[in-house]
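Here chain A shows up in two complexes: once beside chain B, once beside chain C.
Moving on, here comes the complex of A and B:
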């Protein structure tokens, strides 16, 4: 079967004009226009470009949401098996347009989408997660090479073949880590990498260090005696039976439990389900992880205002940073909404 | 120091009247071997089973894996093994050791909350663990109900070691198939002999968080220890023993220490491309002060040995990521080049940051895989141990075990799957 492709390009690459035509509204031409001609050729008859949708870069930039919808409507009429765009090289407006159109097309039409960009194109940062992007040079001098790579990737996706690691497939990484089998063991790779470093030879780290977002601490509590304090924990202490089925490790959820009527976390009502530490002592007395008994005593003494009635809890072992960040954002928003002034965060 | 490993290759284990080895077959007298384990009166029941490569067998939950070995005097007299446990102090690293290569003792049983892993002897899960390729004697024990969990951990740890020594001792008169010699002079002499080669140290981080997360060196508990320098031969000869009940993918089993792949890889190049100084086993303390102390001591030790490069291997993930960063930072700041071997916890979708801590000094990182990646493993014909344990394993969940016996689990529940000593070939790439 011959696959059907719809291609998106801008006024310039469609040959309709330069900056003076950048206000052009979305329109469609039958068959391959501009770069789509080379793409079709590189696909070697396995797929045809049934239509090319064209829009001016400025019109797109100024009306991104509505123009994307209009372009998608034009694409949809041609029932494509895949949608391609660009390549945009280092053109920012064009890259953003290609990314926006393809992200929408992938979400709505559920078909493979492919474009090509230079790694510094803002479209990469904006849409690189959801759009397959071939790595290109920074200018149209690299057109032939970019189209050949786009054709190769599009062909694989149409055939439902795996793409392989980004670097090997000529793709811009999408920030997705997947397990692969190397030729050599980790120990051998490490010794080779170390020798390369010591000899001043080039080497490639297998995991560039992530940069963490730093959160500046909130100001100190002005008057503790009037403060509402909440208990939040990653120590895996939950109501007995783990009603919300929070995982023992690699948690993807947290629980919120009413503790307003409780004075003490006793083993008949609370337990630790945490998979990362020896929980014998926590299950003898869950207060060693979440100190409710101590907090109640201090509350009675008037050391602080009052204890927040809701306990937030999850397990913090093997929990991915992405989930942990989400838990933090959601719990933080809920606590702020409830007028909580401070949190005691216990971990294990 | 000179160590000779006299390797007897074992391809199968069979039950028989007499325990011993012949023609690649390790014969085990099942009752006698069980009685050896039962010398420790802390077990309510002891059961031995066999599992071989290619069989449709699942072993769960696995605590430790031990290679059967015994130290022999030149006269052939057995001297036990694992100094501090079943051999006198000072016996690791030199002389003659009989190794039953290809055989393994696998310990299994209901540990505290099952923070353990599984082994599939065939199918897709087998590709992730070295223990699908060994002929395994599987020891499943149930503790005396009066035993505290901590005493039970010790009993099972010792039982695995004891059984491994028993097997090798029984095979002590067998002619070895191969003799591997590990020999290296002292640090000073080697530095004079090899003046132009880079001097490399292996920093072996070990889980020492207590509460069933322990590592033992020469029988001593590393949680109470400062970083310790070992001759590589000591590491390859039973000086390091695992006492860990923790996430299965990246805990170093005793077998991994006995066959430390970093030590072996550095040894292979010693005198050719580099001068291998030794191994520092360093604790992963739970307290920040302890982490800072260990990292600064490791860097000072590396500096005083004249190391120009180090390979730092992590054990575990999460909390020890901080030890990893501090170690790398301290080394790099002293101009000592580092390479890290560690795994990633990038989430089931692979889209999350893979470490719980990060430092720009880590410029060379060998990744042994994403522990969270999901794998599908089919039902097996035989399950040794307790299949329902998967619900409580790190990487498992109550819904992991399906009614047909198949499982959908995170890779981290497979023992040794992302070994941070770099034993395997799995890694992680950006998609």
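Moving on, here comes the complex of A and C:
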């Protein structure tokens, strides 16, 4: 069968104009236009570009949410088996547009999506986890090579073939780790890496350190005496017996427990299961990790409004950043829903 | 977790823990240094009275942190 592809491009690569046409609203042309011609050629008859959707970079950047919806509607009419975009090289507005369109197309249409970008394109940071991106050079001089790589990856995805490790398939990493059997143990590989480093030879880490994003601080609590405060902890303190079987390390879940009837965390009802610190003191009195008795005392004194009835807790040792961020998003959404005003989060 | 709760709920999240550089690295905005890794909000070895008193003062400091406007990562 011949697969159907819809391609997204901007006004410039579609040959409609430069910056003076950057306000162009989304429109669709039948068949392959601009880079889609080369892409179709590289696909060698296995797939055809049935339509090309075009939008001006400024229009997209200034109306990202609505323009993405409009573009998606145009794509959808052509019932594609895969959606491609770009390549955007190091063009920031274009990369962002390609990423936004493809992320949406993947989520809604559930079809493979492929683009190409230079590793520093802001579209990589924004959408690179959900969109398959081939690594390209920083300018359109690399067009032919980029389209060949995009065609190769699109073909694999359409045939439902595995892509393989990013660096071997010319892709920008999506942050996916898969287990593989290696002939050498981790210890041997680590020592080899160290020796290479000492000799000044190139080496590649198998586990890059995460880079953490920053957020601007939330506004302060306006009136503490009326505030509802929630307790959250990564200190591994859970109801005795660990009913939700939260892992002692590398947690993939958290617990939410009703503490509305509790005045004090005593060892007969709560315990620490954390695998990353000496639990002796926490198991004599779990309040040294989750300060429930102190919060109740201050609540009775009217220093603050009231304690939120739900305690959120997990273990924070060896826990992956991705899981911890997910816990945070989910807990944050629940607290917002419940009208909580502030959180005290204790960590060991 | 601290950062994502704050981002999702848009409410101040005060983190009390012992290793300040880690809290700075992961992006906590309001930080109260705790007592020790195995007992961040208590000092049980110093006896029950001191234990409760240090817990109370850390919580009061956390209240100060959550009611103070900040524009960048801040230690209280």
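Quick note on the criterion: the second predicted complex is superposed on the first by the 199 of 348 C-alpha atoms of A that agree within 3 Å, B and C clash if a C-alpha of one lies under 4 Å from a C-alpha of the other, contacts with A are read in each partner's own complex, and residues count from 1 in each chain.
We adopt the following convention: contacts are C-beta pairs under 8 Å (C-beta built on N, C-alpha and C of every residue); 3 or more make two chains touch, one makes a residue touch a chain.
Since the model is a prediction, treat every value here as computed from it, not as a measurement.
J.: On the A-aligned overlay, A:197 touches which partner chain: chain B = first, chain C = second, or both, or neither?
T.: Only chain B is touched by A:197; chain C is not.
J.: For A:247, using the defined touch cut-off, is the partner it touches chain B, chain C, both, or neither? Pick first, second, both or neither.
T.: In the superposed model, A:247 contacts chain B only, not chain C.
J.: Using the superposition on chain A described above, determine whether A:278 touches chain B (first), chain C (second), both, or neither.
T.: A:278 contacts both chain B and chain C.
J.: For A:212 in the superposed arrangement: first (chain B), second (chain C), both or neither?
T.: both
J.: Given the touch rule stated above, what does A:267 touch, chain B (first), chain C (second), both, or neither?
T.: The answer is neither, since A:267 touches no partner chain.
J.: One more residue to check, A:31. First (chain B), second (chain C), both or neither?
T.: Neither: A:31 stays clear of chain B and chain C.
J.: So, A:187: does it touch chain B (first), chain C (second), both, or neither?
T.: It touches chain B, and chain C stays clear.
J.: Using the superposition described at the top, list the residues of chain A that contact chain B and also contact chain C.
T.: In the superposed arrangement, which is not itself an observed complex, chain A uses residues 212, 277-280, 316 for both chain B and chain C.
J.: Of all residues in chain C, which touch chain A in the complex?
T.: 1-18, 23, 25-27, 29-30, 34, 37-45, 51-52, 55-56, 58-60, 62-63, 66-74
J.: If we count contacts the way the header does, which residues on chain A are in touch with chain C in the complex?
T.: Per the stated touch rule, the residues are 212-221, 224, 227, 229, 232, 234-235, 277-282, 284-285, 287-291, 293-295, 297-298, 303-304, 314, 316, 324-333, 335-336, 340-348.
J.: Touching chain A in the complex: which residues of chain B?
T.: For chain B paired with chain A, touching residues are 112-113, 115, 149-150, 198, 200, 209, 211-213, 245-247, 261-262, 264-266, 269, 273-274, 308-311, 317-318, 337-341, 344-356, 358-360, 362-373, 392-398, 410-412, 419-431.
J.: Looking at the complex, which residues from chain A come into contact with chain B?
T.: 129, 163-168, 171, 173-191, 193-195, 197-198, 203, 205-212, 245, 247-250, 252, 275-280, 316-323
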